[in-house]
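Both of the next two complexes hold chain A, though its partner changes from chain B to chain C.
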Partner chain A sequence: MRNRLALVGLMVLVMVASMVAVGIAAEYVPGSPLKAGFIYIGPIGDYGWSHAHDVARKAVLEQFPWLSTVYVESVPEGDAGPTIDKLINDEHCNVIFTTSFGYMDDTIAAAKKHPDVIFAHCSGFKRAPNVATYMADFYQVYYLNGLMAGALTKTGKVGYVGAFPIPEVKRHIGAFTRGVREVNPDAQVDVRWIMEWFNPAAAKEATEALIADGCDAFAFTEDSPTVVQVAGENGLLSFAHYSPMYRFSKDYCVSGELVHWDAIYADFLAKIYAGVYTAHNLANVDYWWLLGQGAVEMGAQPGMPINPAYVDKLKAVTVDDPVLGTVSVYDLIQDRIAEMSDPSMVFDPYDGPVKDRKGNVQVKAGSRMSVLQLTTMEWAVEGIIGPWPGEP
Partner chain B sequence: MTAPNWLKIERRPVASGRTVFIISVLAILAALLVAAIFFAAYGISPIYAYYLILRGALGNMHGFSETIRRMIPLLLCGVGLTVAFRALFWNIGAEGQILMGAIAASGVALFSGLPGPLLLIAMFIAGFLAGAAWGLIPAALKAKLGLNDVITTLMLNYVAMYVVLWLVHGPWKGASMRGYAYTDMFPNAAQLPMIGSTSIHWPTLMLGFIAAVVMYILVNRTRSGFEIRVVGENPEASRFAGISQFKTTMLVMFISGGLAGFAGVGEVAGIYHRLLDPSQISMGYGFTAIIVAWLARKNPLAVIVTSFFFGILMAGGDVIKIQLRLPFQLINVFNGLIMFFLIGSELLIRYKISIRRR
Partner chain C sequence: MGWETWIIATLSRTLAYGTPLLIATLGEIFAERAGVLNLGVEGMMIMGAYSGFVIAYTTGHPWLGILVAGVVGAVFSIIHAFVSVTLKANQVVSGLALTMLGLGLAGVLGRGWEGLPLFTPIHKMTVPVLSSIPVLGPILFKGQNLVVYLTMLLVPVLWYVLFRTRIGISIRAVGESPATADSLGVNVTRIRYLCVIFGGFLAGVAGGYLSVAYRPSWTQGMTGGMGWIVIALTIFAFWNPIYGLLGSYLFAALYHLSFRLQAWVSPELLKAMPYLFAILVLIFVAQGTLKKKMGAPAALSVPYTRGEE
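The block that comes next holds the complex of A and B.
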């Protein structure tokens, strides 16, 4: 009996001791080995969002000898809190990356609970002394793809297969449409929503519906190469999304958008390693990285901005630009890339005046949309047709 | 199929509780044994893997809390399903009934303006009724028109999913969510209390236990329960006995849908505090609950044990993901194998197989 009591006492002691040990996780010392944990909303095996984050994780892992990483895939929103706890308590991570908007409140709550751990939340807007936010956005690249689509469409109708009608996707379709109409002022962008991030069957159906409506070039937001494949099978043009998709339609995939989350991860982690970022000074750290910072790239695969089969065609189409004069679309694209990559961002796809499709002026001449306006954008740019849920 | 003549297959009159228990445990062991092959294929010792899963799900307060959190919706849905299955109504629609419960609770939380404690009570009532209403549709379709319940309940899941999607992308989209597809957060009064710092929303857990006991009594000790069993076990006899098939079917689905609705209320009021993407609200509880009810051999009280078991498996899934770096789909393989062996073992419950002595 006494033995058993002693045993129970010992167990309680061990439990209390381990809790205390967990509670006093030490703050990261700059220059020491660093462990980063990544939490993904989806599986890493698709061609989309989570896959891209994991590619970036591997890239920084290779880049920094002092870095080790751990990741968890397909974490439902309701599991974010417990998963963060596990990464800190069991895996002893110094830095946690939460890579979905839905993790926002749990990230903030976990940051309060673990004030010595550094957090970075992707695509959200709430920060804290130990929580930074970051986002690599495509809207400039969509605009560039739009210039090509506008030059190459024969029917004057360009198709867009959208995932969800949220500001991010609306902003991308808008920028794409701005590009299309800059080259081809009468062209229209016809939109279909599939209400899913990953659904090849629905993406196929939507693409076929758009083909039936006369579209001959396609851009999209969906985590599979389906739209590229279906367009290619029908001999129609497409623009890849998120991952390299050139190989799925070598003759018809013109360009696309590629992401480099590693640019942000490398910058953030290096600054923590150097002691620039700590668990106390992140309240104003917000990465909103675009072409200029190298977080995104134009192309259907790395190093191939434009499919070589289309370079001459783009050189043959000309536009009259008020500033640049008469230039080929190919040269216009190069100019725009240079302008948008310039630190002072001489040009932005949403430079006013911009009208919505109901005729209201949304951006006045001479002004430009703020990051907040871009991230909360609900209206449809002039030239977009098709349903637009939540249109103001 | 003819059995080889050295095998003797006899019909069991009624399998004893002990036999059913042993056969169920053997079925689970068989599933774990087959799943072990997958672990071994990944180069991980299956014994070590199972040890980690158990330790992760039960070894500390944190894991235990996660296990119970997942047990709650499985318990509520599972109890309801045992009642429906007793009457031979194949409710594959608990997932959709959960979502309807979540919708109703969210509507009350966001727009009713009810004060304090009344709010949560109203949310539970609304959630129950919404889940029940969603369950009554296929019940009526079967009882009146003879439509296949498997198909109708399954398909209504998708309808419910799209209703949630429409709400969070449309009329209920929260002004404070910057265009993302969520409703606004519930007021504090609409958030369920937790046990300490765990994520166990105990009022829903209590409802689950109460439901298990009440349903056990209903099925085994009341006239309605008797009618449910007769309809399930011998529909012909029920007709001669003057038992209304319509009433019985409607009753079981009112209960089954309603309890799933409760589970939906628990998820939004306990965990998320807002309505969000349907795939995030339920994580497939409605489907897993089918296995939970089946493993309980349609006994509402036994669901307490089986839902706890599946809570361990689901919480242990985190271990598979984080510590073993295995694909998370392995948990679904688990569930599938258990279901497979359970259905396979039905034969052993109904028939006694022995080796014939010469």
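The block that comes next holds the complex of A and C.
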């Protein structure tokens, strides 16, 4: 009985203490030491999404002497709210990064509860005075990889292993296919879905299924190096995704996409430190960062845009471009990188006319897709074969 | 693309993906035959996957990696044996704890090991002459590794041990009626310990196969729920190594086809197919009388205390 009383007493004490803690969370004073909390959906050992965010966290930690950080990994979507509370009340974080789409509503709710704390939510579309959004998107780089795949495929069938059939992945497959068909108008991109972000065995069997169906080059959107490994084991080409994967298949991994979340984190945190961003002026702050801002990079290893073993092969294949004339694929890639990195974005992979695979014109000649259209895209670009759940 | 290439691709993938399932299932069959339900397969597998990769990576010897993976799985399983046999605690809770502990521990220890390719994996091999047999050659003798064959050989050996030797009789007696076995002079505790540890060894080897042969690298959580499939397959196999082989290969074939058939059937439906199949079988097996007839150990998950019963 006495024990139970003591327990109740302790619980009351904890509750009072936590209320007091909520009360003392004060607004960040620019120029003072700053503490940032990161919430990850997966384990940092996934070598994919969460791993990349954590690499960026360490990079900015090293860059800014006034910064300290704390992170929580493998937080299920439903647990974001309590985790945020803990980071604010116990860890006294001034800034919270929620790094998964599924944390969106919890982030907005927590931002209302803690109006003095600054939040940034990754890959979502809801903002508030103290919630910014950010995303480093790959569709331009997928397009560049597609140009290479189109030039190098011998069977005319390129395989793609997708995680979930959501707009982000569909946009990537579409851009990749645009690249493939620009060089190789008859080539097809065959898609298999594994319905998980991370499952090496599923990714392996999906790749094997595509190999059995005659594909000889592979790209993917899921969180492991499996596709690169399996393609390499079979002597087939691959394009890496997210993390440096060149070393998993040095002879066959042609290029890929690399992310630099630290570019966004550094910019955002520096502006908070300088007092540019506060808990009151973020309602219109949306980082949609691409090649031009250095948030993404082409290559399977930093500093190596194209595997040297394939440079000559890409120089040997030529295409007729209405603007550039007859150019080698290698030169076309260099031109496109320059065009897409240019602040005025002279070129976009989805520049019209673009047809979907049912023959409907989705983007009219002379027009371009808006960010909103890109982030809600459900249709399949012409040249994609295979299943497409949610196809309009 | 003719039917031949379909059969070849499907069956050869079946062997590659079915092998880790089969190895771990054989181990779990022994543990359960002795009356100990071990839900810690996932935890033992991931510990095996981690340690196997680390050893293979640092020494360059993949077979040493597989061996160490087995030993680590075995040592890890002693926790479950101690808790469930010696302390006679709830086996379900203890097994679940083992799975959670394994996933967590491997995750922490594995920091910094992710993203490294293994340059010395167990290689695929092509058996000369035999691989040129039409259809059968490419399925059985091309692109498989030695573990696949060794596992196939292990099946009849373990079946023989379980059903045709004195040790096998003791194991099954301990799982059916530990009191009777005890009165006949069988050391129940020792048999249960040995079977759990043997199961742990094979679960560890299965994990090692994943990180050293199947997909040679380490990633946190890389077993991806295979340990739970193994629990279902053990029941599906009616606790018999031969059926264990059939069940593992059937599941693997469905798994491969779930990607192959996506061009015609919705991927969501196909994704559920192998699991749906497992659930149906479990419902079927769970029918009381059938369960008895099919060989479910009567004392499964019941701790044994001398003099009670």
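Note that in this section the second predicted complex is superposed on the first by the 371 of 392 C-alpha atoms of A that agree within 3 Å, B and C clash if a C-alpha of one lies under 4 Å from a C-alpha of the other, contacts with A are read in each partner's own complex, and residues count from 1 in each chain.
One rule holds for everything that comes next: a contact is a pair of C-beta atoms (placed from the backbone, for glycine too) under 8 Å apart; a residue touches a chain by one contact, two chains touch by 3 or more.
As the structure is a computational prediction, the values presented were derived from the model and not from experiment.
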Fit or clash - chain C, chain B, common chain A | clash
Touching A:T375, do we find chain B (first), chain C (second), both, or neither?
-> first
Determine, under the contact definition given at the top, whether A:R336 touches first (chain B), second (chain C), both, or neither.
-> neither
Could you tell me if A:M195 is touching chain B, chain C, both of them or neither one (first, second, both, neither)?
-> both
Once the structures are superposed on A, label A:V72 by its partner contacts, choosing first (chain B), second (chain C), both or neither.
-> first
State whether A:I385 touches chain B only (first), chain C only (second), both chains, or neither.
-> second
Mind working out whether A:R247 is in touch with chain B, chain C, both or neither, as first, second, both or neither?
-> second
Would you check which partner chain A:R127 touches, where first means chain B only, second means chain C only, and both and neither mean what they say?
-> neither
Taking the superposition as given, does A:E233 touch the first partner, chain B, the second, chain C, both, or neither?
-> second
Between 62-70, 134-142 or 224-232, which run of chain B pushes into chain C after the superposition?
-> 134-142
Doubly contacted chain A residues - partners chain C and chain B = 43, 45, 165, 195, 389
Chain A touches which residues of chain C in the complex?
-> 1, 5-6, 9, 13, 17, 107, 110-111, 113-117, 124, 210, 214-217, 219-222, 224, 226, 255-256, 258-260, 262-263, 266-268, 271
Show which residues of chain A lie in contact with chain C when the two form their complex.
-> 43-47, 51, 165, 190, 192-196, 198-202, 204-206, 208-209, 212-214, 224-226, 229-230, 233, 243-244, 247-249, 385-387, 389
Parts of chain B lying in touch with chain A, wherever the complex brings them together | 60, 62, 66, 162, 165, 169-170, 173, 178-182, 199, 267, 271-272, 276-277, 279-280, 283, 318, 321-323, 327-328
Contact footprint of chain B on chain A as seen in their complex = 15, 43, 45, 70, 72-79, 81-83, 85-87, 89-91, 101-102, 125, 164-167, 170, 195, 375-378, 389-390
